[in-house]
Each structure stands twice: as structure tokens, then as C-alpha cells.
Amino acid sequence: MPDTHLAALDTEGDRRRSLVTRFQKARGRTAELVGPLSPEDLMIQSVPDGAPAKWHLAHTTWLFETTVLIPFSQGYRPHDPCFLELFKARAASAEGRIDGPVLRLLSRPSTADILRYRDHVNGAVLHLIDQATDGELDILAEHLGIAIAHERRHQERLLTHIKHAFWSNPLRPAYESPPELPATTPPPDDWVAHDGGLVEVGREEPQPGFDHEGPRHRVFLAPFRLAARPVSCGEFRAFVEAGGYGERALWMADGWEALRAEGWTAPLYWEKREGAWRVFTLYGSQPLNPDEPVCHVSWYEADAFARWAGKRLPAEAEWETIAARCDSVGNLLGTGYRHPRAGTYRGAGPWQMCGDVWEWTRSAFGPYPGYRQPDGLDEAVHGRFMSNRMVLRGGSCVTPFDHAGPWTRHYLRPDSRLSFTGFRLAEDA
Amino acid sequence: MPDTHLAALDTEGDRRRSLVTRFQKARGRTAELVGPLSPEDLMIQSVPDGAPAKWHLAHTTWLFETTVLIPFSQGYRPHDPCFLELFKARAASAEGRIDGPVLRLLSRPSTADILRYRDHVNGAVLHLIDQATDGELDILAEHLGIAIAHERRHQERLLTHIKHAFWSNPLRPAYESPPELPATTPPPDDWVAHDGGLVEVGREEPQPGFDHEGPRHRVFLAPFRLAARPVSCGEFRAFVEAGGYGERALWMADGWEALRAEGWTAPLYWEKREGAWRVFTLYGSQPLNPDEPVCHVSWYEADAFARWAGKRLPAEAEWETIAARCDSVGNLLGTGYRHPRAGTYRGAGPWQMCGDVWEWTRSAFGPYPGYRQPDGLDEAVHGRFMSNRMVLRGGSCVTPFDHAGPWTRHYLRPDSRLSFTGFRLAEDA
Amino acid sequence: MPDTHLAALDTEGDRRRSLVTRFQKARGRTAELVGPLSPEDLMIQSVPDGAPAKWHLAHTTWLFETTVLIPFSQGYRPHDPCFLELFKARAASAEGRIDGPVLRLLSRPSTADILRYRDHVNGAVLHLIDQATDGELDILAEHLGIAIAHERRHQERLLTHIKHAFWSNPLRPAYESPPELPATTPPPDDWVAHDGGLVEVGREEPQPGFDHEGPRHRVFLAPFRLAARPVSCGEFRAFVEAGGYGERALWMADGWEALRAEGWTAPLYWEKREGAWRVFTLYGSQPLNPDEPVCHVSWYEADAFARWAGKRLPAEAEWETIAARCDSVGNLLGTGYRHPRAGTYRGAGPWQMCGDVWEWTRSAFGPYPGYRQPDGLDEAVHGRFMSNRMVLRGGSCVTPFDHAGPWTRHYLRPDSRLSFTGFRLAEDA
Amino acid sequence: MPDTHLAALDTEGDRRRSLVTRFQKARGRTAELVGPLSPEDLMIQSVPDGAPAKWHLAHTTWLFETTVLIPFSQGYRPHDPCFLELFKARAASAEGRIDGPVLRLLSRPSTADILRYRDHVNGAVLHLIDQATDGELDILAEHLGIAIAHERRHQERLLTHIKHAFWSNPLRPAYESPPELPATTPPPDDWVAHDGGLVEVGREEPQPGFDHEGPRHRVFLAPFRLAARPVSCGEFRAFVEAGGYGERALWMADGWEALRAEGWTAPLYWEKREGAWRVFTLYGSQPLNPDEPVCHVSWYEADAFARWAGKRLPAEAEWETIAARCDSVGNLLGTGYRHPRAGTYRGAGPWQMCGDVWEWTRSAFGPYPGYRQPDGLDEAVHGRFMSNRMVLRGGSCVTPFDHAGPWTRHYLRPDSRLSFTGFRLAEDA
């Protein structure tokens, strides 16, 4: 994420300190996330395009080494020349038609080696920031910003992957113990209305974010209403128990095929034991809480539920228009609770627009009018996924946002269930 | 396609005659299309979700029998009770998890049996129209209309499938001999400009068409320009020869994967022999004609070409807005030339908006604002494909339109190359 | 099969006439076999490594053209140069990693073209035999002998493939009408004893046959008993109905895996309709005849049945030793009944050692002591299959033997069920 | 392996002590083998039907718990009831069509937990032996014998699997450091002759071993010669460099297919770096030693080499006949060198008949005459693999033999290369 907001800082010293803080916070957060994991836990990978936590630790470090230290730190010596090859992005490996190493087989280097690698690189980066001239600070900040954003994205993936890997163990181990939480009063089934008309959406410079989130542009909306809160586990359970997964007319053709190929009968991580639904979480297996937002559903499941409920998913411009006029932050990675929470009914809705669960929209991921794929920098890669993906909005309980805005766009294939994905309903007014 | 335009006819007698004419035209056209095929040709199927021509002959007949004759013709006796099962839609078979018969293995019933089946059903339908009371005619017309539209769709598929099956034969047999055609003057590389603003698009009752083509709604457009003609084979050859198929940065991630998995190096049906490009057509292998619209490219190839050319694909609302203000019909199934033609430069562009090649747009196939999936009738099925498909506009040289309008929407997966698919470029003004 | 028996003929004229007779008989038999098939039937192929009957017609002709006419007939002009490539052995195509044409898509050349091809080649071969000098006759006879043996092998395959293709049609069409047959008295459940000791087995020159059937060698046998007739459908039905297909302890590990992967619950071509077992035959679907030899069972099924019955399959040397001392010929292709028959109780057993069903043995296919793979000629290929195959003995009702002996060895993968394969039991004395 | 040799011991006390010794030796050896492995190493699994070392540790313990302690030790409390399900044989899981846990994902229980599990079970077994009455000792010895043999088999697998897992790591880590070894003088290229005739082979009671190694029976052999030592790396390198992997005529049809599907160009673990062949070993990557026996070749490669060399593989009866009259033990697991060694030329050959490498024979794995599959005990399982496997003889450098004899039979699929498999040549005299 380009560091545009740094521009506002007064002095070079402030900028330097801010950069150090952001770097340390991102790196420290990753270290904190692997705290509960044993060396063996760090090795497990349960989905083909996932990665073991150990690899996330090393690969994020590799990006700092190869895009910040090697280009900008004179005389920098790589921690271990083998690591330059071993931990590079797999996409890049795949490109050359040379298979990369099978990540889950890298028992060596050991966890201790990887942690030393992190320390080595952390020290070198801090030294580099310290030594940079004021003139060098700009370009350094830009590249550090990318690597920090990259590290944050991997934090979300790390928790997403370890959750599934633990789920694959019949013992259903917990990632950590659940914190004590105050009781909540779930918000009512309210709706927010909008009169439609010409609206403006999309990121505008200098707001922080990615290129595919702009340019800002006008969209014409018909009048609509948006649910004030995400669909809850209780509501989704009603759909499951009404036979929604067996009613073909509710499903997209591709969704029905996925449902049958994969044997879906409920959201991922739901299981029935002794007649009662349980949900697997990073805190282990828990009784289903009907007030929580439903999570780990594919777009197909969200879409089928909406059809069953006589509603529809919101278009992304509808979602953004409502989000732009409220300030509703839920539970994000920084909050420390690693599961969607039953919302707290405070003030008028909408609630939990940002946080708890990524929210599927009815919009396919595509370029905004006037969008041009940027050259060169890593972010440009988003433009390469503008087919076969659906847009999600809002961020989840394991998303490490620094500066999310209503314009933030995420995208996934419609059959994805691995991420913390939920949805809220909409309808024509 | 609902028979809404029938409402305009004056008398019952007119309606009856019109119905007979439309029925006979559709059925006769299919018979005409299999004219050049031997019993053996009628058996071949080269793509898994394709079908042999013989099955198209029988299955279209089956729909008249099961949705028109059996429900509405008292005392009707099915031609052969086995056929009711044998020729039903495969989707329906698949639904019950019972494999349907493998279509390409149905050497029995013989071709002669199938032709008798067609005659039997044709006679019974004409008799039914003749005997229907004025009150029955409405509902009959509605169901006949659906079965006629279905037969027409299968005409396009039949030619699409037989083309690929012949291509799979190293002898490259021709479906028929090419007609003599007058020389054409290819249209210039012109562009049509539009100032943008709020426009109205989508089908409006009582215009004929499908439910997913409406409701009519407003869209805001930025100023843009649309190419006056589709991209030509010559232009696409330049892309191929410039190494476009090897330049990863031009391709969607999924497109690049498809390209590598399938080994694409040029459009489907292109091959180089003795240094010269040839294109396989329903008239056999022909030297590449640089003036013809390029055809049988996937959306990924169209999108990559546009990026290479510094342009983009048009949004479907842009395409429709231009199409609505001109009357540009190219080569359709009724025209009798079964290959895209180099356009004729007549009057001001745009040219060939309708006909010759289906034109990919940048728009993912999704519901229009206010769209509700209809219940009951066959067309409802379109709403089931509103994921992972891209919109195409305009129709091709093997599309049997009766009443196409600028609002006509078609959709395919972005990796499809089997249909007669091309594209035209657009750019921001 | 080398034409060693020709050596016994007295004069050149006799040799010439004998060669003509054998050629015409083999070619005429193939033509006769496709008599009941329509052009559409000739196109169907239901197993990946099968072939349509049309291709068998053409490919056998191709071998005469390429290994007899082109090398030995001066001035011979190929019927169609394209055919040389189109109809060559697929193994050869595969070798070059170039996919051969997909056989089932060759609607062109037409059936009429193929029949003309056969006539052209037949005429040219007869002319060649007629014109050959006495000195040329030897080498010509050798190559013709190979091509004739090849044609005969393809006769068995043609019937095997068309049977499966018709089975794949829900209408279960019959290849031909069943002939009237006299009633038979099934033979009793007798056993033939052997005292064991050193025996000699294997083909000895100049007996006709293949290289892998020799050299003749000594084997030591323990005393054993061999069933006087093959296992019958009635006996096998008892195994099926006793739950044999569900009892894992009866099955080889690989067999159990095959059973589960393929969903075997009975022999191929068995199906239960309205409570009664029916068997699909070249005469269409027939009620199961309990007296007939069971057929279309894999080696795994034969082995499991034997274990269930407290017996075992015979070793091939045991089978051959018994076969060598009796003269028991059953139903072969020449007999004209294309299905295993319930044996006729005539004289002392064993019965049906040769004919009706190929009989699985417990012996893996491997080289005899002293075996050396020959160079050059087509038969050498048998030595390439000496892994993962089991030996079968005796020949089936669709095997076109000229000179079978007790030493005749056939081999198939243990999971094969497509051929007319049955078995008889053995036990230690 | 049934404990038949215990019968010879004089007193109950001797029997008890012998049992304790064998138990402790087997259990201690496994613990010793995982000594060099980190917790992360214990997690890795690189072949689908392999297992992580941690699972081998737990599963072998599970067999003692479920077949010895639970049935025979009154009042025994399982260490952890979950483990009874978690560590059971996968074949058993598969049988119920319920997928077992994915072994490589079991990061929990931790290594420390597993080691505690081993200690718990070890203590309970020793206590049980100590407390058993003299009458109980027989049945206890029988079941302990099976579990000890099972543990030993897993020792060989553990090293086989970890070797491949380390090979899959681009860093090519070593399992342990190589010991200092005295130089050897490789044995000459000698041959051992045999006159053939009737010989006796197979295990005879009360010699120790498995049921499929008997009964003892007579076989007739033609005169033959057997190589005095296994084929060496140097000899095999000559085959590789002469293009043996590209010459189709040398290969079985299935072997050629495997070669092409897998891309074989040399034995497993061979790689060329900077023009020189290196071989990956449990001691890391080493320069190829031409005097060592070649290892990790499939039967297809052994067979192709033999054909290229104008020889053949020995029949298993030939191998056994020669092995029975000499006393040639090479390098086994107990020896402590975990790689095939270049033999030492001491006395007359044959050399290394037992140890260093398993030796492929030309014999398919099948039942001996008179063989009957036993009921009940675990060993019975060998009879289930008597299809699609080839016999190996002799044992390898990681085989933990207690009482191998010339009759010892091992079997693998002909495409296996994972085990320490080599071969020696034979020829007809």
C-alpha cells in the first residue's frame, strides 16, 4: 500500500520514526501470531495453494531482503544465499516452469534458523532506515511500504491456513485459548435505505490503497435497501435445515456443481455432533452461536441463501455508498479476537461494515472505468485477477488493516470458503 | 423466446399461420443443416460437452414431443417410448446422478429412425396447431415459441460441434463447398465516439428476448470510443507474430494458465503449413484472409490483444449504446455464408455489430439492476449462469436470429473458443 | 503365426493355392463379421483403447499394404496415400509422442471408401501371389502369414469392442439374431487327476505358434486335479449371491481396489432386471443360463471365486499337461456361435479346454527358461508384455484359431473383463 | 515372524529373557533411528503412501497396545484413547471407506507426547512379560513376535521415507554424517555356475519366516550361471550413458510407459552436477562411486539393463539355490552403514547375496505349489499381494533382519524405486 499518508508528517525525523514503528509493528505482529505454534505446527499445510506458517515467516522476510536490503543497503550480505531461492514467491517459480521446492517438506532450515533469519533482516532494515539520507527516505519508504503490506497480507493467510490445517487433525486442536469477552446484545434485523441516483465510488488519490480500487467514478444506482448487519449463523442454520443445500433451483449452475463435487452440506467448519451444530474456530470446536455472523461460506452459498430469503447480494457500489456515510468498525486482526463476533447493538446501523467477515457482493471483480494496470510495482498484480472472481468488501477478524476505507476491494473465486467470508443482504427498494 | 410480437397480429388466422410458418422454418432449417452430413458424420462428437448432430436432430424433436405434444395434444402417442428417456436433456439426466446414455454411442436408433421421428412429430405439431381453439392458441404459442427458440440454439451448436469434429480429422474434411462471393472492400480502421453520460440499456417489454436481457435500466458512462469494425485476422496475426502468446504481462492470471495448459499459440483453427497461416472453416482449410474478423478466440485472447494494442474491450453498456443507434447487420445463419466475412464498407460505421462474430465485452455476466429470475419456464435457466461467464454481443455467422436487438446478451466462459467468437476494441475518450 | 506347416505341402502349386485360400478366408471372415453393422455402428468406440469396427477394417488392410504390397509388389500404387498415415498402428503413433487421429472421429473416409480400399488391396495381394516366383513365395508367405494372423486377432477384437459398444447403448441392441441350437446336457462336475512329476511343456519347432510359447522345457509338478469343465454361470451366481463381492478376505489387494474403484458387483454384462439376472450377449440381452461357462470375469474375480470355493486356479503347466493328452475342442469363431455354450457331455472329460472361454491361470506371464526375444518380426512384441499380465489358455468363442495347440498362451492384465474370459478350477491332490 | 526358534530354549527363564531382549532391541533400534531427526523432520512425508517418521513411531507402538496389551494385560489403561483411532493402520481405515487422518498433518500430538506414549507402552509390555505365567508365555510370544516383526519392517520404511523426503528438499540435507570406512577392493566380475536339475526351495518348518516363503517344494532348473556380485553403479552408468533410457526395444511395454510418464533418465537419487554424477544418500549428496552396487532402480530398469547386457535376471529358484550353498552376508541395518557398500573381495563368490541391496528377480510374486493362505494372523496379508509384484531377494543395507534365510522373499511393484533395490545378472549356461 503506497505510503501516501506519510506525506502529511512534518519532519524527516517524524517520517523516520513512523517508518520504524510501522515496520516493527508489522514484523512483531507476525512473530506474535506464531507464538502459539510448535515447530511441528509450523510445518503443516493442508491445502495445495496454502503454505506452512514457517514458510510465511521466511517468505515475508525474503521480500524485505530482496526488494529493500539488497537494492538499497550497500554492502548487505544475505543471511544465507540459499534462502534467496528457497523462499521466493512460488508464482515466480511456477512462471519458469521449474517447480519450486515443496514448501511443506522444508524441515530444514529449522525454525530456529528462520527466526535467526528474521532477526538478521530486521536488524539490517532498522539500520538502513537509520542511515538513509532524507533524500533516500522516500524511495525506501515506498519499497518498505510494499513489503510491510505484503507481510500483513501473509498474516491473514497464515491464520487462514493454520485454521484449516488444525481442522484437518481429528483432534481438532485449538490455535489458542479463547479470551473472556463481555456479553453482547445482537443488533436487530434492521435495514438501511438509499434513494439511488448518481453516486461516486472508488478510491481517490491521495487516499491510501491499491490501484484497482480506483479511479473514482460515477455509478447510477436504483433505490435499494441494505441489511444493517451480516447474516448470522442462526439465520444460515435455518437455510441449512430447510434443505437449502438440496434445492437445485436456488443455486448457480457452477455452484451446484461445486456443491456436489465437494459434498457441501453446510458452511466450512460446521459439523453436527450428537444432534447439535458445532463450529471449528481458532479457539477449537465451539457450539454454534446463532448471533455470530456466518463465516466460511462461498459466494455460491451466499447467493443461494439470498435467493432462498427472497433477497439478493448487494452490488459493490451499493455497499460502498452506504459504508462511506457511516463509521462502523468491527473486529479486525488488531482487535485480538480471532473469530467473527456477534455484533454489539450500539447506535444506529449499519453495523460491522468493516471487520468480522469479508462480505461477498453480487459484483464480479473487474476494472473500474478509466482503470489502467500500473507497470512495475508489485500491486499491479491485482489487475491480473479480473476474471472469475467476485468482489468482497469490509475485511475480517484476521485482516490487519492499517488504513481501510469504504473503497477497499478484495476478490476471491466464487467457490472459496477458506477465508473468513460472510455476507449481508440487499434488496430493491 | 416469448412470442410477444405475436400480440400485434390481427386475427387468429394470422396468428395460426405465423405460428406454422415459424415452426416450419425452424424445423426445415435444421433438416437443411444436416443435408451435407453422412450417417457417419452424424455420429461424431469431439468435445465432451458437445453432441453428435444426430442427437441434436433427436433432442430438439424430443422437446416438442414432451413440452408441446404430450401436454396439449389429447390422445397423442409418443413415436417411441424409449426416445422419451434417450433424448432428454443431459443436464436433467445429470441431475439425478444417473449418467445419461453416451450420446456418441447411440448408433441405434439409426439416422432413418430419427428422421422418421422428426416427421412424426412435425405432423403432430401441425395438426395440433390446426386443431387448437383460439383460446388454446396463446398457451400453445408460448410453449411452441420456447421449443422453436431451443431448436434454433441447437442449430448454432450443431454447426459449432461439427466444425470441431471435422477439424479433429487429419483429412480436414469440409462441411460444404464454399459459395461464390463478390469481392469486398474491407472497412477502414474507424472509431465511433460517444460523450458518455446517463444512458438506458436493456430489453424493455414487449420487445422480444430473454428475461436476463432486462429490465431496462440506467447506466452512467464516461466518454469513450468504439472501433467501427471487429479486429481482423490480419491484426491478430500481427499479435501472434509479435510473440503475444509468450508475454505473460499481457494476460490475465487464469488466461495465462489456460494458455499453458492447453498449449495455445494462436486462435483455434489456425495452423501454419509451409510457412503460411491457414484457417479451418466449414468450407475446409483456407488460407488466412487478413480482412476477415478474427474468430474462435477466447476472452483471454481478446483481452490480451486489447492490452497489447493499448486499448480495451468495450463494456456491454457501451456496446449496446452504440448498437442502438445504428442498423448494422452482418452475416447471420440465414445469410447462408457459414464463416465471418470481411466486412463491406458501406455507409458510415460501425459495421457488423450484429452478425459474423460474437463480440466479447469486458463485462462479466450478471443480473441487471432489478432483475428477478423467472419461475417455471425454460428461459429461467439463464440466471443460473451468472458466475464465471463473460458477456458477448451481436451474434455470429451461424446464429439463427429471428429478432435480435441491441440488447441481446450472450455469455460464455472466458476460456471458450469453440463458438464463433471475436471482438472489437474500445478506449476511453 | 509363422507358416511352418506350409513346409509339408508337396508342390509349389499347392503352396500357392493354400496361401490364397488362407488369405481369402481371413479377409472374407472380417467382411462377414461387419455384415450386421450399419455405417453408424461401424463408428462407435466405447473403451479408450478399443477401436471402431471401421478402423479394424482399414487397419488390417493397411498392414497388407505396408508390409506385403509396398515392399514386394513392384509398381504397386497405394490406394490413397493419406491412408498410410491414417490407419497405421496406434502404438507406433504413440511412440513418436504424436497423437494419432482419434479413431472414432474418422467419419471420413466413408465406409464405402474403406470397402473399396479392402477390395483394392485384396486384388493386389492375389495378383502378387499369382505372379510370385517359386523363390519369392517363401518370403511372401512369411509376411502374408503375419498379416493374416494380425487380421484374425483383429476379428476377435472387433467382436469384443462392438459387444461393449452395444452394451453402452441403453437400448441394448443385438449384433445379430441368435441361431437355433440343439439342447445340450451340461457335463457333470468331474475332475481329472494327474500324478505330478517332471513334465514337458511349451511349443516345439516346427509346431506353429508364437515365440513366447516356447522353448519346450521341463517343469516339476506336484500331484493335482483339474476340473473337467469351466466354472458355470450358475456356480458364479451362487458366489455373487453369497456376497462374494463384499468379502474383502477373498480378494487380492489390487483386486479389491479395482472392485471398489469400478463398482464391480457381478461379471461384466450381468444385470439384474425385475429380480432376475440377465446377461448381455452379441444376441442382445438374454436370461442368465446357469449351465453356460461364466464369461467376462477378471482374473481377480476368478481368483476370488476359487478361494471362496476352497480351490485354486491351475498353473499354466498343469493346464497344458492335461490339455496335451485330450482333444477337446469347444466353440470357436469358426463354429459360428458367438457366445460360450453350455458344454455337451460327450465322452470322458475334460471338456471345452479349447474354445468358448479363455481360461485364466494362476501363472503370471513371463519368459520360459531359455526364452530369447526374437528380433525383427512383429511377433517379437509379445516379449514386451511380460510384466503385470496373467496367462490365459484355450481360446474363446470369438477366437479365430487356425492351429491352436495345448501350448497356446494368451495374456491379459488381471483386471481385464472385456475379452471372453472365464476359468476352470484346480486343486492339490 | 513366528517365534519358532524360541522352542529350542531350555527354560522358561531363558524364554522370558530372550523375549525381553528381542523386544528391547527392536524398540531401541527405532528410537535410535530417529535420533538424528528434529521435530520438524519427523513431520515430513514426500510420497503419498509413505508416512512421516513420527507416525511410524506411534503406529508401531499402537500395534503393541492393541494386539498385546489390551488383549492380554488385565487392567491395562490405554495411554490416550484417541490414539487408538489416530494411529491405526491406514489400510484398515481405508477399508471402511472413511479416510484416516492425513498423517503429515498430525502436528499434535507432539513428538514429546509420542515419546511418552512409547515409554508408557514399553513399560507395560515389560511388566506383562514379567507377570505372565509360563502357560501364557507361548501365546504372548507369538503376538509379541508379530508386533516386533512389524516394528522392524517400519524401521526399513522409516529410513526409506526420510531419505526421499530429504531428497525433496533442495538443500539435500543429510540424515547423518558418514562413518569412517576402510577402503575396499571391489570383487571381480565372476560368475557362479549351476548344472540345473531338480532342486528344493522354499522355507521348511521350523525355520523362521513367513507363510508365503513355503512350503518347500521341488523345481526343475536348466543349467545356469549367476553373477558373483550385484551390478555396480559404474556398470549402470555405462548403460545410462549409452542411451539405454532412450532405446524402446530394451524395455517392457509397461516399463517404457513408466519411464516416459515419470521422466526417468537414471536411477532415483542420481543427478548430474557440473558434468559429474552424484548420488543422494542418507549421508547427503555424494560423488557416484562406480564400485558400489547400483540401487533404487525399478524392476523395469533392471530388466532393461540385463537385456542391454545380453543377460537376464535370475529366477528366484536359481537365486535361492545358489544362496543356500554359500554364507555371504553383506551390509544390513544392524551393520550400521546406511548405504550399499562396494563389496569386499574375500574368499570365493558369490558376494553380498544377503544385504546391501534387495535384488530383483525375473519371477512374478505368486504362491508356491501347495501354498494356502493362513487365516487370522497378520502375516496372512502377504498372500493378498500375489498379483502385479515381482520377487526380490536378499535384503538391503536398511533391512533389520534377525533370521533371514536363503528362502526369504520380498515383493514390490515393478515400477518401485523407493526401496534400496538393485539386482544381479544371470544367464543360461
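In this document, chain identifiers A, B, C and D correspond to the written order of the chains, with residue numbering beginning at 1 in each.
Quick note on the criterion: contacts are C-beta pairs under 8 Å (C-beta built on N, C-alpha and C of every residue); 3 or more make two chains touch, one makes a residue touch a chain.
Keep in mind it's a predicted model, so treat the numbers as computed, not measured.
> Would you kindly say which chain has the C-alpha centre located farthest from the C-alpha centre of chain D?
B
> What whole-Å value do you get for the distance between chain A and chain C if each is reduced to the mean of its CA atoms?
Roughly 62 Å, centre to centre.
> Would you mind pulling out the distance in Å between where the CA atoms of chain C average out and where those of chain D do?
Averaging C-alpha atoms per chain gives centres 40 Å apart.
> So, what's the distance in Å between the C-alpha centres of chain D and chain A?
The answer is 48 Å.
> Using the touch rule from the top of the page, what residues of chain C touch 2 or more other chains?
Counting only residues that touch two or more other chains, chain C contributes none.
> Which category does the touching pattern between chains fall into here: line, ring, star, complete, or other?
ring
> What are all the chain pairs that meet the touch criterion?
Here the touching pairs of chains are A-B, A-D, B-C, C-D.
> Flag every residue of chain A that touches chain D in the complex, lowest number first.
Interface residues on chain A, with respect to chain D: 38-44, 46, 54, 82, 85-86, 101-102, 104-111, 165, 168-171, 173.
> Which of the residues in chain C come into contact with chain D in the complex?
Going through chain C, the ones touching chain D are 95, 198, 217-222, 248, 251-256, 260, 299-300, 303, 307, 312, 315, 362-364, 366-367, 369-370, 373, 384-388, 390, 414, 428.
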